[in-house]
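Next come two complexes, and both contain chain A; in the first it sits with chain B, in the second with chain C.
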Partner chain A sequence: MSSTFVDSAADFDVRDYLRMDMMPHFLCPGCGHGIALRALLWAMHELGIAKDQLAVVSGIGCAGRLSAYIDANTFHVTHGRPLAYATGLALARPDLHVVVITGDGDCLAIGGNHLIHACRRNLKLTCLMLNNEIYGMTGGQVSPTTSETMLTSTTPLGNSEPSFDACALAAAAGAGFVGREVTRHVPRLKELIKAGLAHPGFAFVEVLSDCTEIFGRKNDLGSSPEMMLRQKSDIRPSAYRDSVDTPFRANELPTGILAQTNRPEYGAAYRRAAAAQRASAAAQAGSANAKEDS
Partner chain B sequence: MSGPSASSSSLEAKPLRPAASAAKAREPLNVLIVGVGGQGVIMVSKALAWLAQSKGYEVKQSEVHGMAKRGGTVFSHVRFGPQVWSPTIPKGEADILVALEWAEGLRWLPYLKPGSGIFICDTKRIVPPFACLNRQPGARLRYSRETPAEVKAHVAEGYAIDATQMAAELGNERAANVVLIGALSTALDFPAEDWEKALSSFVPKKTIQVNLDAFRLGRSWIADARRGATAAEQAPLAPMPERSDAPYSVRLEITPQWCKSCDICVKLCPERCLRLNAERVAELAQPEKCTGCRLCELLCPDFAIRVHLDRPVVDATAAQGARL
Partner chain C sequence: MSAVLAPKPAKAESKLVVCDGNEAAAWAVSLANVDMVAVYPITPQSSLVEYLAKFIADGRLGAEIVDVEGEHSVLSVLQGACLAGARTYTASCGPGLAFMFEPYLRTPGMRLPLVMTIVTRDTLTPQSVWGGHQDAMSVREVGWVQMYCESVQEVLDTTIMAYKIAEHHDVMLPVNICHDGNYLSFGAARCELPDQAEVNAFLGEKDVNWHVALDPQRPMAVDPLTGGAGGPGPSAFVRYRKGQCSGMQNSLKVITDMHEEWGRRFGRSHAPLIESYRMDGADYAIVTIGSMTGAAKDAVDAARARGEKVGLVKVKTYRPFPAEALASALAQVKAFGVVDRSVSFGWNCGPLFQDAITAMQCAPTRIPAMSFIGGLAGADLTVTHFERVIGRTKELARDGRPAATVWLNEKD
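And now, the complex of A and B:
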């Protein structure tokens, strides 16, 4: 029996994919977004995607700033519209791997409309939604994914709005690939993003990230490592959950690949229709020429 | 039994009470079956208990299988005879010890009756998690090093069978426990047909044939061993995966300007070998404890840690040569 254990992280140095003059990044201590960024770059490294072949589009917010640190083609665009910009980019340049990095507020509130239509269209691009349950950059307002009873600067009595299950939303809207993972399991997150990048249609990946400085502090969720340990209980069997440590997320959020379908991809269908239109136009022009000649 | 007469050596040779020898005949036969979760220990003991009960014996069986799903130890006491009081076998009272895993067999040896106990053991080796507790790179697994020949010298009658291999050759590795039932059946008086009937009712329908073959193979193997045709103590130990002994060193490259003192690496390091220094920057406090697991590198949100291993690729095939 021959088996070789290969340390896949050994030849991946995240610094090869960062704009070193921008580092260190602006994120708060313990922010999970940095880990999500590493997972994205690791997945890209393992798939052998060259930096020139990657286009990252991001919106506004803490998550939106991540594109500035990636040494690739990056676009930092208007609030909530990274999917709209990415749709145009992916249609014009089908050879590129287009990745959208967006936050929960950016994706579900300001850009909620763009999300459902991007899911419906099923255009080949990867949407990485970093869900930290809060608008961190603007002062900690309630977001569509804030768990119930949680304190934010706009819900001083505790949030009483039910939160969105973003993955269920994306799957219902028709996304070809839907997955979710926590930042604590970096290799698993990397594998999920890899699967999303390899998927031929619209891939929606939700990353459960921690906002330690604003959300964690306001809700007394403990230090950065404590918040990270709470994530661990999210994936434990519910029987152990109460006895070990308590997750702060209100919903029972499953992780892993949650939906995968082989719906037709929009870009290919559009290009086929365009080619057919060009062909028929050319045929008409040809027959018109033939008539003139006769 | 204390008393003035007990001190006399001439009296000690005689039975203490007239009824003692009669009681001896009424003592149950004790069969202890041990193994690792998932191997089929409970199935073996159920088949034996069912068979003994069908022969009119009083049977008591008790088992512990709580940690079975975690690859933990599973044991089952089966006692049968004209009358059985306690459901468990006292230390040193087992007439037959059937072990489905090598180290489990050794662990339970003290329960075997000294002088007359029969030891039937699979040489299959399942390395338990605690044998890997030393996570230092290149650390040896702490698995038992005794060879079958050494163990055989310590028991009255011992058989080390590579039952897993035998079952695999029959086409189903999971029938290894039935090979051992075949071996066990030679030590008991029940006829082979009754064993086969009992087995057929305990195994899944689709696997009845392979299990009956495994049973007959186990029986014939013991018969061969008794004749001396098979050298029981020469049975090779089943191979065991082992980590390479060549040490490799780990080096942590920490970029202090990027560290934001979030403490994640310090608190989540499984070896607890990192700390925040006076400037609240992560540093490797105990380099000798670091195993190079990369958790700190992967979880650092600020990309401040990079783990360098001298030998990042461990080739398990090279380690295969260095078996016990």
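And now, the complex of A and C:
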């Protein structure tokens, strides 16, 4: 009974959060990106984040296009740079929930530099990276998360480069919150995104999303339900997070909350330091004035 | 009897294929025996690098290919390879070209004979993935040689010639071949593939002994600090700059020679700097660049058939600018109209228009000229548009009073 699942979100109607005038959307049948979008909006709904309180910054790609469908403050920026734009936005408007939607190419290839520095800074932002192992938008070229030996339009003999474990990278670079989930588990994905949104520092959430039309076809991975079922059968509980022998096949990567620290959040720390600086400057000016007066 | 279109008997050693401009460029790279290709995909270039990946996988081209993490790295990787003496290639456009700007800026100064296709695309913002010349035009002053193609065949032939031009010791500069995104990148046409041995004979032995090629026998420091106070002083900087300028000017002759040699060897030629089309006795002329020229020539033919005395000049080599050639081609007309697929911000006209009127400084009298801008973000420039251009330029020839820039697709 497919409606049972929808009923569990009885008071959540995704259409309340979408720009319905943008429909039909451009995603291919079987693409996981729409599922991730729904999970994000559902998480927002359950946390009671008003649409006006949400700012979504997205890069270029199929993932990057999603911001256009969200009925909130949205900004479609250059390829690879959404984290940089979001950094400026989040520093200027700490009252907003700033969410970045990015693809594996956007975030780890052309924008990889911004990711490691966003993690290091630990500014309050939620980064949702939709990993479909491919550059979907440009027609299926190899990406830094393409598993070794997989076929893409630029690796006709199979990918020869090792791929990234983005969560391990984010954790190592200092992200306050790191988690991964598959699109097969929408409620779990929603819970993970909620935890990320609620985290007071930089939250990196990787979503393993299927590109059935290009990646799936090229590698003979079956229909989209088959690809999705494979995600599920391979899924590991987050208890596996301590295992060090995680193979690189994306769907064998550990899922769940993989790292969480209470490192100081950069924006608040900066504002505190700036306030202290202003106070001491004012005090100095005050004592100088007092001297002149005397 | 059904009509069978027999192919024009091709020279025995060449093969006929039907391909688009992106595939033609990939064929050329393969025929030029390039050693190193670095790529990052972008619309409308992506299929070009996919063809290259396939040619390499098939063993047709024995090059290294690297799928790097962005265009900045593309050109950086190729500079490294080029310094080591490799023949290199990449292609990009629009935002990709913008992102590679830092290494792009340094390539000509280092006199590296890199060859790169710009599959021209309009620049952001507004967001658009469609063709236009704004990307290539925005980097026109950087010091790369830039040649614009009109047809798929010209893409193939020019890409091969580009290596001989770039590596020529009187030039030693990087070369851009610009082919129009959408129209040439994806428009398929009949194309003659030259024979490998013939191409080898044309290109000759690869001569990697360019002055910066790293050579353990002649160790050197590439690009140390110059200029200002200290070090070798400003004179070293000036010497480099002047050298770069001479290389650029020398390329006018080298480009002409290469096109001439190409015509001799392969039996098909392209105008090297500019092409004059039906300019005999022309009272007025239109000036074009890139793939729009096909529709423009049709419009000129139709106007000539009606008895209009109009001709066309197509600019192929845009940098260095063929000022003398253009000035002499237009010397006799009473007016000319220039059609650009990009804009020059701050001048409120097209960049080719600006170049053309500057070139006409050499003319004994001032010739009235007008700027037309069209084909932005993939908009089609049709014969009807060129009829408007011809009509307006004719008026200009009559009254000598140029109007402000005309935006051709504004009301399409």
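Here is the rule we use: the second predicted complex is superposed on the first by the 270 of 294 C-alpha atoms of A that agree within 3 Å, B and C clash if a C-alpha of one lies under 4 Å from a C-alpha of the other, contacts with A are read in each partner's own complex, and residues count from 1 in each chain.
The definition used in the following text is that contacts are C-beta pairs under 8 Å (C-beta built on N, C-alpha and C of every residue); 3 or more make two chains touch, one makes a residue touch a chain.
Given the structure is predicted, the values throughout are model-derived calculations rather than measurements.
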* Evaluate whether chain B and chain C can sit on chain A together after superposition, giving fit or clash. => fit
* Would you sort A:Glu161 into first (chain B), second (chain C), both or neither based on which partner it touches? => second
* To do: Quick one: the Cα-centre angle at chain A between chain B and chain C, nearest 10 degrees, please.
  => 140
* Asked: Of chain B and chain C, which one touches more of chain A's residues?
  -> B
* Asked: Who does A:Gly139 touch here: chain B (first), chain C (second), both, or neither?
  -> second
* Which value, in Å, gives the least CA distance between chain B and chain C in the superposed three-chain arrangement? -> 24
* Asked: Where on chain A do the contacts from chain B and from chain C line up?
  -> none
* Asked: In the complex formed with chain A, which residues of chain B make contact?
  -> 257-258, 260-264, 266-268, 294, 297-304, 306-307, 309, 312-317, 320
* Asked: What residues on chain A touch chain C, complex-wise?
  -> 60, 76, 78-80, 108-110, 112, 135, 138-139, 141-142, 144, 153-157, 161
* Please give the residue numbers of chain A that touch chain B in the complex, ascending. => 1-7, 9-11, 13-15, 18, 23-25, 27-35, 38, 184, 186-187, 212, 223-226, 228-229
* Please give the residue numbers of chain C that touch chain A in the complex, ascending. => 39-43, 46-47, 49-50, 53-54, 57-58, 65, 67, 69-71, 95, 99, 124, 127
